[in-house]
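Shared chain: chain A. Partners: chain B in the first complex, chain C in the second.
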Partner chain A sequence: MRDDHFNELLELLSHPNIRPSIEPKRIAKSFYYDAIYQSAIIALCFSVLGKSSDLGGKPTLCMNSAYLNLCQFTAIRSDLLIDLKRWKDLKGKRYDQPLDRFLVLPRGFFTDPNFRDVIRYLVATHALALAGAKDIHFLKSEPNNTLTNLLEKIEVDGLFEVERKTLQSIKDLRISQKELGVE
Partner chain B sequence: MTRTREQTEAITALSLLEGDDFEDETYLLVARHCYDAQQVPAVPQGDGGIDFYTHNVSIGYCCYGPEVLGRGTTDGVKKLKKKIIEKFKSDLKRILELEETKSGKCKHRKNEGLESVLGTSRLKCIRLFCNWFHDKGLLGPINEAFKKYKKASQCRFVTDDCAVTLIGPELIIDQYPPDDVSIFRLSRPGIAKLLNTVTSTPVGSLPPPQANQMPDFEAKFEILGKNWPGREQQVQRVKDAQIKRWRQCLLLLQKLESDHPQVHKEVERLLEAAAELANEMSLSAAPDANLVGAMVEKLAQMIHAELRGLLVQTTSATELARMMTARLIGECPLQWPEVK
Partner chain C sequence: MKLTIENVVISGESAIGPFSGSLSFTPGLNVICANNAFGKSLIYTAIEWCLGLEILYVTSPGNDEIFSDAVRTLINLEDTKDVVVLSSKARLTLSGGPNVKITLSRSIKGGDTRIIEAEFKGVTSKAPEGTKILYQTGQGSLADKNGGFQAFILELLGVPSFEVMTFKGKPSRIYLENLAPLFMIDQLSGWSSLQSLQIKRYGQIEIEAASVETILGLNAHSKKRFQKQRANLSERSLKNQISDIVAKINKLLVLGFGWDQEFSSRGSLEDLVAKYGDFDIAECLEKNVHWNFDREIARLSDAKKSLKEKLATGDIDSDKKNHTAQITQRSLNIKSSLFSYKNQLNTLRLQQAEEKRLLKTVEDKIQSAKDLVRFKEKNIGLLRDVHCPTCEQGIEPRTFNLTEQSKENIETYIAAGDKEKSVLKQSIEELDVEAARILSYIDMIEKEARDIDSSLELLNATVGRQREALVRLSTEIQEVESKIAQVHRIKDTAKEIQDSIAAWKADATAIVHDSIETAEYKEEKKTIKAFAECLIGLLRAFKHEGVSSNDDEQSITIDEDYVPYRKSRLLSSIGSASDHPRLILAYTLALMMTSFNRNGNHPGFVVFDEPLQQNPDAAHRKFFVNFLINQGKTLPGQTIFFTNLNPEELKQLRANNTDVQVFDRSSFLTSTLALRE
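Up next, the complex of A and B:
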C-alpha cells in the first residue's frame, strides 16, 4: 500500500540520534474485558435494579438474566441509553419491535460471551446463584461475597458515577419482562 | 414457530448484513440447497437486474440489504420502507424491460445485460430478498407495481403468470437453513468494510485522544524536528498523519468492541504479541535497525494470518497494523528517546 507519510516517518526515525524502543507492558488493555470491572458493574446492576427476594430462606436481590445482560451492556456503554429510550418509546406503537430485532443495538450485545463467562465465574464463587433458567440471585448476605465487597468499595470511593447514572435512567424506563420478550 | 438459538442468531446476523455482503451471504445459503444456483457477476455494467437464479433458470433472485442505522425510529422505518419499495420496483422494471416516465407511464427499454444472462429462458418467479421485512405494507406497493409492469411489458424474460415474492431474513433462514460453516461465517462478518468506514470518516468526527497523552506525543515529534533541521514541514505533516491514524484506530477499536468483541479481543492480543516481538528484536538488533518498520510488518503478517477470512486483503492488514502502531506512538509504549 502506498503511504508516503508512514514511509516518511520511518525515514525520520532512521536518524542516528534517534533510537525507537517499545515497552509492551505499557500497552493499555481494554477495560471491557476486565472481569473485576464487569463484576463491579453487575454488582451495581443488582444494587440499583435488583428486586428483594429470597433463596432457600436467605435474603437476595434478584434480576432476570436477560434484563441483567441488557443493563450491564448499556451501563458500560452509556451512549446506548438514547437508543434504549427510543426502543422503549416505540412500545405499543406500530413499529414496536422486540429487543433482538431492534437493530440499533450493536451486534456485540448478541455475540459477546463475556457476560455469560463472568456470570459463570460469579456463580462458581457463590457470589450469585441461578434459579431456574431466567433468574439470577445476588447472595448479598453470604460472607466474603465478591460482589458485596466490590459494592462497598464503590460506595466508599464514589466510583463509576456514569455507570450508576445510566443504571438509574434504565430503572426510570421501567422495562417490563414482557417488553424484553422473556416472560 | 420455535427457532433454536443458532437460528435466531443467524437471523439477527443476516439482518445486519448490508449491500454486497447480504447478497453474497444469501446466495451462499441458497446455493447450499439448490445445486444449480448461479450468481450473476455485476460486471461489466451491472447484473442486468437479478443477482442470482436457480431451478433451471426459472427463479430469479434480487437482493437488497439497506443500511442498518436509523431503523430503530419511526422516521427511520418509514424511510427504509420507501427505499426498499423503490429499489425492488427498479429491479422489476429492469427485468421487465421498462422505464417509467414522470407521469407514471411505462415505456419499453431493452435490457441487453439481462439478455446476455438469461438467453431465451423466462422466469416463473422472482424472489426479492431483503434484510428487513417488518411491515406487511411493503407487499401492496410491490405487488401493484409488478402487476402494472407486467401489463406494460413485452415479458421477454418472465412468463405471463410469473409471480413475485418478498422474503425477509427470518424466512431466508427458515427456508435455507444455514450449516455450521454459514453460522460461523455469519457470526464473524468481514471487518474490511469496517476499516473502510473508519478510513473514510472525516477527521473532525473521529474520537480525540486523551488530552494528558498529547504532551508526550508532541515531545516525540519535537525530537524529530530538532534532529532534522530544515525539515520542520515534513515533520509536521508526518505528525498530523499520525494523529489522524491514532484517532482512526480509536474509532475502529470502539466499533470492534461494541460490534465484534471477539475480533476486538483478538486484535488486542495480536498487538501485544507484536510489541513483545519488536521488543525482543530491539534487544538483539543493530542500533540502526528499522524497529518500527519491522514491527508493523510483523503485526500485519500476524493480523493477516490470524484474521484470515475477516481481512482478505493484505493491504487491509497493513492498514490496520499502521493504525495500531500510530496508537502505540500516541499512547507511549512506542518511544524514540534521543541518543547523545
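Up next, the complex of A and C:
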C-alpha cells in the first residue's frame, strides 16, 4: 500500500463520526485447517510417499509420524519447498543442521495440534493405525473407506495438483530420519 | 410477388415400376386431413426441399437425409413391402396470380440434389414461357444473380436486401432460410419456441428480429438495427485502437520525460473521444513540463551555432584552465548516478521476483481451495459414526477439535485470494513500468558517459591549453548535436502518435448512434402496434391462458427484438405447456396478416405441420376448429394445415362450408398416379 493510501485511511479513521466495525463473517478463514482438506493431503502423503508394509497380517502403507507431519505441512504450504531444498543442499557443509534446528523453516510442524487431531480422528475411523511411537499405517482395506474415497475423487477429478507435485519433490529429496532429528 | 402453393408432386422409379403422389391446394385456407402414416410430413418436407430449406435441418445443401426412407431407399407400394427406390424427385408449383406459375423441381435420388429447376409461365421478366432454368443452391447462391437460387427466389418474392451484421464484423444478407421459420412450422422443432429453427451458424447478429423486420417490411427499423450493430462492432475495435495509442503515449512520456503518471484507456467510447479526441501531446508537454519541441530545438541550435562561431573565431575562453579535471569530475558523477540507478533496478527486480513468487503461491492456494470446494459440493464431510479403536465405544467427531469449513467459507477465501491476486498483478505491472523508466535513465546516462569518455580521450591526446579549449568546444558541440537528434526522434514519435489520434478521432466520431426517428420509422411503429393488436386477437381466439378476458389491446407489447410480452412478463413464460404452440400459431398468423395489411414482404403462404399433435386438450381443439370456421376464410394469404381431425370435428367444419381434404388411403405415394380426392 502506498503512503498516500495510508494517509487517506488515517484521515478517514480520524474523522469524529467514524466508527470502525469488523464483521467476522466476512473475514476469509484459511481452508488449511479444514479436516477434510487435511485428511485428503494425509491420504496423498501415504499414496506418494508411503512404504508397503503390514500390520497384523493386513497390508498397509507405512510412514514415520514426524516425516508424515513434515510432508503434510509442506504439501499444504508448497512455498516452503524452496527452503526445504536449501536445507538439504547444505548437507555436509558448514551450516548443515538437523531440520528441527534449521532457522528458515517454521517450527510449527513439529507441534501442529491440527495435524494431531486429524490423525486421532482418522485412527478412530480405522483408516489409520498407530504402531509404536513412530509409525503410522494406512490400512489398505480400511472399513469406512474414509481416505480411499478421498484418494479416488482426487484421482478421478485431477485435484490438488500442486500438493501432489510438492509431495513428489519431497520424495526426490530423500530425507532421512536422522536428518529430521527424530532418530 | 405474393405466392401461393398450387401443387406438390413427388414421383419416382422403383424396382417394380413408377410411383407418385400429388396434392393440390386452393389459394385460401387448406386443411389436409390424413392418418399419421399417410405422408403429410413427406409433403411438408417436399415443399421445403423445393424451396432449398433443407439447410434448416442439415449442414450441407442438397443433403436428402431430411426425407424418410420411402423416397430414398425402400418404399412400401400397396401390398409390396420394401421395394428399392431407384430415383425420385419433388415438384412444387407456385402461383403468383392469374396465369402466373413457377414450377420448381428438384431430384431427391438419382440426380444432382444441389440443383433446382425452375419453369415459368407468365413471368416474362424471367424467361420465355416453357423455358427451364437451373438454379444452384448452397453457398454463393445469393451473390450469384443469374444462377443462384437464393437470388432468384428472393427477387421473385420481392424481398428487399435487408442487411445484418455478423459476429465476424462483416455485413450479411437475410436468406430465405432465415425467413422460413416465420412461415413454415415443422411438426417437431417448429412448435418448441418462436423461430426455433432459425439458423445461428451463419453468425448473423439478432437474426430473429431482423427476419421479422423483413417479413413486416420494416425498412427503417432494419436499417437502424444494422447501423447499431455496425457501430457496436466498430466501437469495440476503436476502443482497442485507442488503448494501443494510449500505451504509446505512456511509453513516450515515461521514457522520454520520466513521467510517472499513466493515462488510462478505460471508459466508454464517448468518454474516450472527449478525453483523447483533441489530445495534443505538444500541448500536454508544454503545460506539464514546460517543454516545447521547437523551442528546445531552437535553443539547442542557437547553442550549437554559438559554439561553432567560437570555434571559428578562436574566441576561446582560455581561463578555464582545468577542463580535464572538470570532465573527469563529471564522468565520476555520472558513473556514481549510474551505479545508484543500477542498484535501484536491482532492488526492483528482486522485489518483482518476490512478488511473482507470492503471486504463484496465491494462485496455488486458490486452486487448492477450488478443489476443496468440489469436495464440499459432493457433500464429502466428516464421518459422523466413529469408534474408539481400543474400547470400540462411539465417539462424537467434535471431541477431536476438528475444524470443518462450509463451501461458502471457502468461496469467501477464494474471493479474497482473487483480490489479493489482482493487487499483486497490478503491483508487478507497476514495477515493470518503474523498471522501464530506470532503464531509460540508465540508457541516457550510459550514452552521456560514453561521450565524456571519448572527450577525455581527446583531451588526453591534446597538449596545451588552447588545444584543450578547442577540444572542449568540440565536445560541447558534439553533445548539443546529440541532444538535437534526440529531440527530433521524440518529436517524430510524438507526431506519429498525434497522427494516429487524428485518424482514430475521425473514425470514432463517424460512428453515429442515430437516435433520430425518421418519419418512415415512426410510420413503421404503427405496423408493430398493428402486429401486437392482431396477435392479441388471435391469442384470444385460440384461448391462450396468458391472455385473460380483462386484458385490453395494450396488454400485449412487442419488444425491440419482436418478442411478445404480456405487460412486463415474457408471454412464452405464461400459461400451460400446451399454450406454447398456440403462441407460435398466433404469432405466425399475426405476422402474415399484418404483413399483408401493411404491404410487407410475407411470401404469401404459411404451412403448419401437425398443430394438433402438440397436446391440446379437448376444449382447445374445439377453439382451434372454431377459429378455422369463423376466421379461416378471412385470412389474407394461403394457410395450410396438415393435421388429423376426428369425425366430429370434420362434420363441424363441413357443416360450416370449410373445405377439408381428407385422405382415407394408407399412403400418399402409390404405384399409380394419385388423384386429388
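Methods note: the second predicted complex is superposed on the first by the 151 of 183 C-alpha atoms of A that agree within 3 Å, B and C clash if a C-alpha of one lies under 4 Å from a C-alpha of the other, contacts with A are read in each partner's own complex, and residues count from 1 in each chain.
In the analysis below, a contact is a pair of C-beta atoms (placed from the backbone, for glycine too) under 8 Å apart; a residue touches a chain by one contact, two chains touch by 3 or more.
Treat the numbers as computed from the prediction; the structure is a model and nothing was measured.
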Original post:
Which partner does A:T146 reach: the first (chain B), the second (chain C), both, or neither?
Top reply: second
**OP:** For A:S53, decide between first (touching chain B), second (touching chain C), both and neither.
**Re:** neither
**OP:** Using the touch definition from the top, say if A:P16 reaches chain B (first), chain C (second), both or neither.
**Re:** first
**OP:** Quick one: classify A:N114 as touching chain B (first), chain C (second), both or neither.
**Re:** both
**OP:** Would you mind checking which one, chain B or chain C, touches more residues on chain A?
**Re:** B
**OP:** May I ask you to decide whether A:S78 touches chain B, chain C, both, or neither, giving the answer as first, second, both or neither?
**Re:** second
Original post:
A:E8 contacts which: chain B (first), chain C (second), both, neither?
Top reply: first
Original post:
With the two structures laid over each other on chain A, which partner does A:A35 touch: chain B (first), chain C (second), both, or neither?
Top reply: second
**OP:** Would you sort A:A129 into first (chain B), second (chain C), both or neither based on which partner it touches?
**Re:** second
**OP:** Would you please give the residues of chain A that touch chain B in one complex and also touch chain C in the other complex?
**Re:** 26, 28-30, 33, 113-114
**OP:** Would you pull the chain A residues touching chain C in the complex into a rising list?
**Re:** 26, 28-31, 33-37, 40, 76, 78-79, 113-114, 117-118, 120-121, 123-126, 129, 144, 146, 149-150, 153, 157, 159-163
**OP:** Quick one: which bits of chain B touch chain A in the complex? Just the residue numbers, please.
**Re:** 8-9, 12-13, 15-16, 68-74, 77, 132, 134-135, 187, 223-224, 227-228, 231, 234-235, 237-238, 241-242, 253, 257-262, 264-265, 268, 271-272, 275-276, 278-279, 282, 287-288, 290-293, 295-296, 315, 318-319, 322, 328, 331-340
**OP:** Show which residues of chain A lie in contact with chain B when the two form their complex.
**Re:** 1, 3, 5-6, 8-10, 12-30, 32-33, 77, 83, 86-87, 90, 93-95, 97, 100-104, 106-108, 110-114
Subject >> Residue numbers on chain C that touch chain A, as the complex places them >> reply: 357, 361, 364, 367-369, 371-372, 374-376, 378, 380-383, 386-389, 395, 397, 400-405, 409-410, 412-413, 415-417
